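These notes open a run of structures that come right after.
Both complexes shown next keep chain A, but they swap its partner, so chain B is in the first and chain C is in the second.
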Partner chain A sequence: MKKKLPSILLSLSCLIVYLFLLAPIVVVLLSSLTTTEYIVFPPEGVTLRWYIELIEHPEFIDSFILSISVAFGTAIIATIIGTMSALAVVRREFKGKNAIVQLIGSPLLIPSVVFGVALLQFYSWIGLATSPLSLILGHIILTVPFVMRLVVASLVGFDRVIEQAAMNLGASSIRVFFEITLPVIKSGVIAGAIFAFITSFDDLTVALFIVSTDVVTLPVRIYTYMQYQYDPIIASVSSIMIIMTVVLMIIIERVMGVGKIFSSKN
Partner chain B sequence: MELNTRVDNEIVLMQKKKNFKKRRDTWLLLIPTLAIFLFFFLLPLFFLFVTSFKTFDAGTGIGNQWTLANYIQFLSDPFYISVLWRTIKIGLITTIITIIISYPVAYQITKAKPRMKNYLTLLVLSPLLISMVIRCYGWVILLSNNGVINQTLMTTGLINEPAPLLYSEFSVIVGMVHVLFPYMVLSIMGALERIDPSIIRASKNLGASNLRTFVSIVLPLTLPGIFAGSVMVFSLSVSSFVTPSILGGPQVKVMSYITYEQVAVMMNWPYGGAIGFLLILVATITILIYSKVLSKSEKGVAIQ
Partner chain C sequence: MGYLRINNLVKTFNRTEVVKDLTLEISKGELISFLGPSGCGKTTTLNMIAGFLDVDGGRIEVDGQAVHLLPANKREMGMVFQNYALFPHMTVFDNIAYGLKLRKVSKVEAKKRVLEALDMVRLAGYEKRYPKELSGGQQQRVSLARALVIKPKVLLLDEPLSNLDAKLRQEMREEIVDIQKQVGITTIFVTHDQEEALAISDRIAVMYEGRIEQVDDPITIYNQPKTDFVSQFIGEVNKIQGVVVGGENGNESRVNFYGDEQLLPFQLRTNEKLDFFVRPEKIVITQKHEGEGFQSIVMKKMFLGAKTRYFLKVEDKDLIADIPNTALNPHSIIEGSKVQTFWQAEDILPSRNVR
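The block that comes next holds the complex of A and B.
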């Protein structure tokens, strides 16, 4: 009994922390069902009205499509160029390597609000109008450091003997990359792409500065709507996003195992 | 003889060609990233830095004269110093609370069986996948005047009117702890997993109690992990914008919020830029102190 007490206390305190973790998410899901005109938790009654009313708010759907496209664009470009940089950094010796590694890692140290301001000023000077492209460029900066880190982690400890064997057998270096290197570092690359997608899809701070009246990403749309309205529309939009994330996670888990992605992150 | 030197020469030439090709390939691999970083990261930040030394012009936002006034104004105005102090204070409190609640969770996850471990890790990390705006919105619902916490407190008679939980330093800290907690758990887990189980067995064999083993073996060995996690949580917390602006708003002004306010509301670019660079300074100093301590102790773990 004496021995059991600490472990019960441990489990109990962990349970409280897990509840704390899930609380706001569960609250959003449940309060989207309320029949009241304003948001309230616990919800009063159960209705899907706030999901149906979304049809009258096409701006949310437009923003959703924009956010998805920006996130896709960001994930693809950031993964390609991040993987290329990781290959150069891990496998080649060259002058100024340290400086380059530091540079590519530095967006993690710069508060995104400052980067957002700087980017807005720069865009207005060079006259680059708000478009999916201008958003993607900003998000690439935010996500390449993660991609590079994850790919570097999966490249370290890579046995190059197989690659050399393929080269000796006459395979071109590009073919070697696609047929040998990529399959081995796949989990790092995919983790990087998922991370880039999520970071871009979730970004409010940088997008807040770049968006214009007709090009608005979903987080910015939700954020501005929240400032003026208190109806449960936001809860239903958020719930759809939460459900999508969960479904996506289940698919990834089925396809490749979530544990793998996160363990390569450590 | 002649043939030999010719072959040698050819080999040297081929080597040179190969080296050149290798160097060219290296730069080909790096150029896309470097070009984007140069044009859309370094250059914009450099221009903003330059702007922060300009005067304010009501018409265009940026005047023509050079000045240090923006920085002096910030550092000599008690209001702005109080904002800086609040930012640091919120960062410190968030870090301390995060350590306290992360440790048991990290400990439990490390001790769990492989299958359970996977699920628990997923549970801890999954909030990271859900939009920060949505998570903060959940706290808005919970902490508002007619929210469940205030309602419960009022029906039990502990308070007579709703406590101002939302738009306070309290709500900002709650939101920050929620957002940054997974980073600390990962960091402490990393340190716990590196502990050699034979040390723990040795300590127990020598007659130490569980508590004693924890205090004199486990805790000291995880200090580098706690420290790395703290640096990460603190620097992310002082630079975060989403949480303080949704859960604090204009009532709880922090550095990132007034940077946004100066630029987006006041259109005062030079002053906004100066505040931004002071914020970068705070975040960078934290990391520098960390790497100094790290290189001294030599047993630290790298920031992930």
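The block that comes next holds the complex of A and C.
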């Protein structure tokens, strides 16, 4: 009995941490079902009315599509750039390497508000109008450090002799990269891509500065909508985002295993 | 005549020549070892043959064709690496089949050849495993199968046994020789382990500081080392001093070792103080206190099964003598006693001062 006390305490503390982490999500999900005209918890009654009413708000749908597209574009480009930088940084020695590493990493250190302001001024200076592309460009700068760090981590234990072995068997450098190197560092690359996608999809601070009236990402849409109204539509939009994320994670888990992706070894 | 010819090969790292004007001819089907201490240039030479390092001078020919300017993936060399270098994301089957896939061998044919190769290295039934599920010895066998399945022109083995434990190492080296003879492939075996090289090679190229000191069959390397480095690197050896007291009829010299004069079949300069090499197993000791040889004191003895190692001291010089227990009962000699010590004239070699 005495021996069991620590393990009971451990379970209890785990339970509390999980409750604390998951409670807001549950609150949002349940609030979206309320029959009242305002968000309340616990919800009063059960209705899907706020989901159906979303159809009357095409601006949410547009923003959702925009956010997904921007996140997708960001993820692809940031993953390519981040992976290439990681390979260069880990494998090559060149002049100013340290400076470049610091430069690529610097967005991690700058508050995103500052970054947003800087980007706004820079875009207006070079005359770049707000578009999905300008959003993607901003998000790439924001996400490349994450991708690079994750790929660098997966390259740490990489034994380059296997590349020599492949070359020795007759593989060209391109085949060596796609058939040997990339599959081995896959976990880091995919983790980086997911990180980039989520960071972009989730970004409010930077996007706030560069959106225009007709190019509005979903987080910005939710934020501005909430400044004027506080009806459960916000909860239903949020719930859809949560469900989407969960479904995405389940698919990834089924296909390759999340644990595998986020551990640096394979 | 030479199937693999290396002519005046040079490699320089940071202005230091690590391979110096190396020339060597290897016959078809021969197993030659590159033997030497670390930093002697043996792995660098192998990497130049494989194409992983650029050649700074000289040429490499295989079967009459120059290959030293070809990229590694065009040289048709099979390489086995020290740490196996298996592709971690591929099964054993896919690892071995990779070279065949690159050569666009049909799937049916590839499957047949992979299974044959697995059979040859005694790993039939392991094709679905991943490398991390195999022991070191098994991984090295897969690596060997992967190198051989593409029927390379030359097989390159880069210290393939040094990550294995002692017992497995012996087993594997015999297996490698068996397979090498069975396939009849020209093979270069890089090692720093002289026993390994002596055991398996047709010829050994002893390397030191970027040069080949001697290329010969193992018996010649052991018994007739051409340079002091080879004398000391291969096997164990006693280095002793003698004074040449006189030459006799041209090809012989009289040398004084610790008070005992011996006629040696070499022409040496009179009155010169010289180093000589004699192997521990060539030294003979007896409990008699007369006849040829000199007296030394037994400082310590070590029973090693078939033989006993005696640590002797004469004047200020330490000598090691390995005596078979059939020749001398180790019980009969106590530490601190004096023994008569000698060797046959043909078992001692003068230093040539060539390193």
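A few remarks follow.
Definition applied: the second predicted complex is superposed on the first by the 260 of 266 C-alpha atoms of A that agree within 3 Å, B and C clash if a C-alpha of one lies under 4 Å from a C-alpha of the other, contacts with A are read in each partner's own complex, and residues count from 1 in each chain.
Here, a residue touches a chain if its C-beta (ideal position, glycine included) is under 8 Å from a C-beta of that chain, and two chains touch if they have at least 3 such contacts.
Bear in mind the structure is a predicted one, so any value in this text is a computation, not a measurement.
In the superposed pair of complexes, A:Ile104 makes contact with chain B only, with no contact to chain C.
In the superposed model, A:Ile180 lies in contact with chain C only, and not with chain B. Measured by the number of chain A residues touched, the leading partner among chain B and chain C is B. Using the contact criterion defined above for the overlaid structures, shared-chain residue A:Thr205 touches chain B, although it does not reach chain C. Contact with chain C, but none with chain B, is seen for A:Asp159 once the two complexes are overlaid on the shared chain. Touch criterion met: A:Gly170 reaches chain C, while chain B stays clear of it.
In the superposed model, A:Leu10 lies in contact with chain B only, and not with chain C.
Residue contacts after overlaying the shared chain place A:Ile68 against neither chain B nor chain C.
Residues 266 of chain A are contacted both by chain B in one complex and by chain C in the other.
Against chain B, in their complex, chain A makes its touches with residues 3, 6, 10-11, 13-14, 17-18, 20-28, 31, 39-42, 80-82, 84-85, 87-88, 92, 94, 100, 103-104, 106-107, 109-115, 117-122, 125, 137-138, 140-141, 144, 148-149, 173, 198, 201-202, 204-205, 208-209, 219, 222-223, 226, 234-235, 238, 241-242, 245, 249, 258-259, 262, 265-266. Those residues of chain A lying in contact with chain C across their complex are 159, 161-162, 164-172, 175, 179-180, 183-184, 186, 266.
Those residues of chain B that touch chain A in the shared complex are 22-23, 25-27, 29-30, 32-34, 36-37, 40-45, 47-48, 51, 101, 104-105, 107-108, 118, 121-142, 146-148, 178, 181, 186, 189-190, 210-211, 235, 238-242, 246, 255-256, 259-260, 263-264, 269, 272-273, 276-277, 279-280, 283-284, 287, 304. Residues 50-52, 71-79, 81, 83, 85-89, 98-99, 102-103, 146-147, 150 of chain C are the ones that touch chain A when the two sit in their complex.
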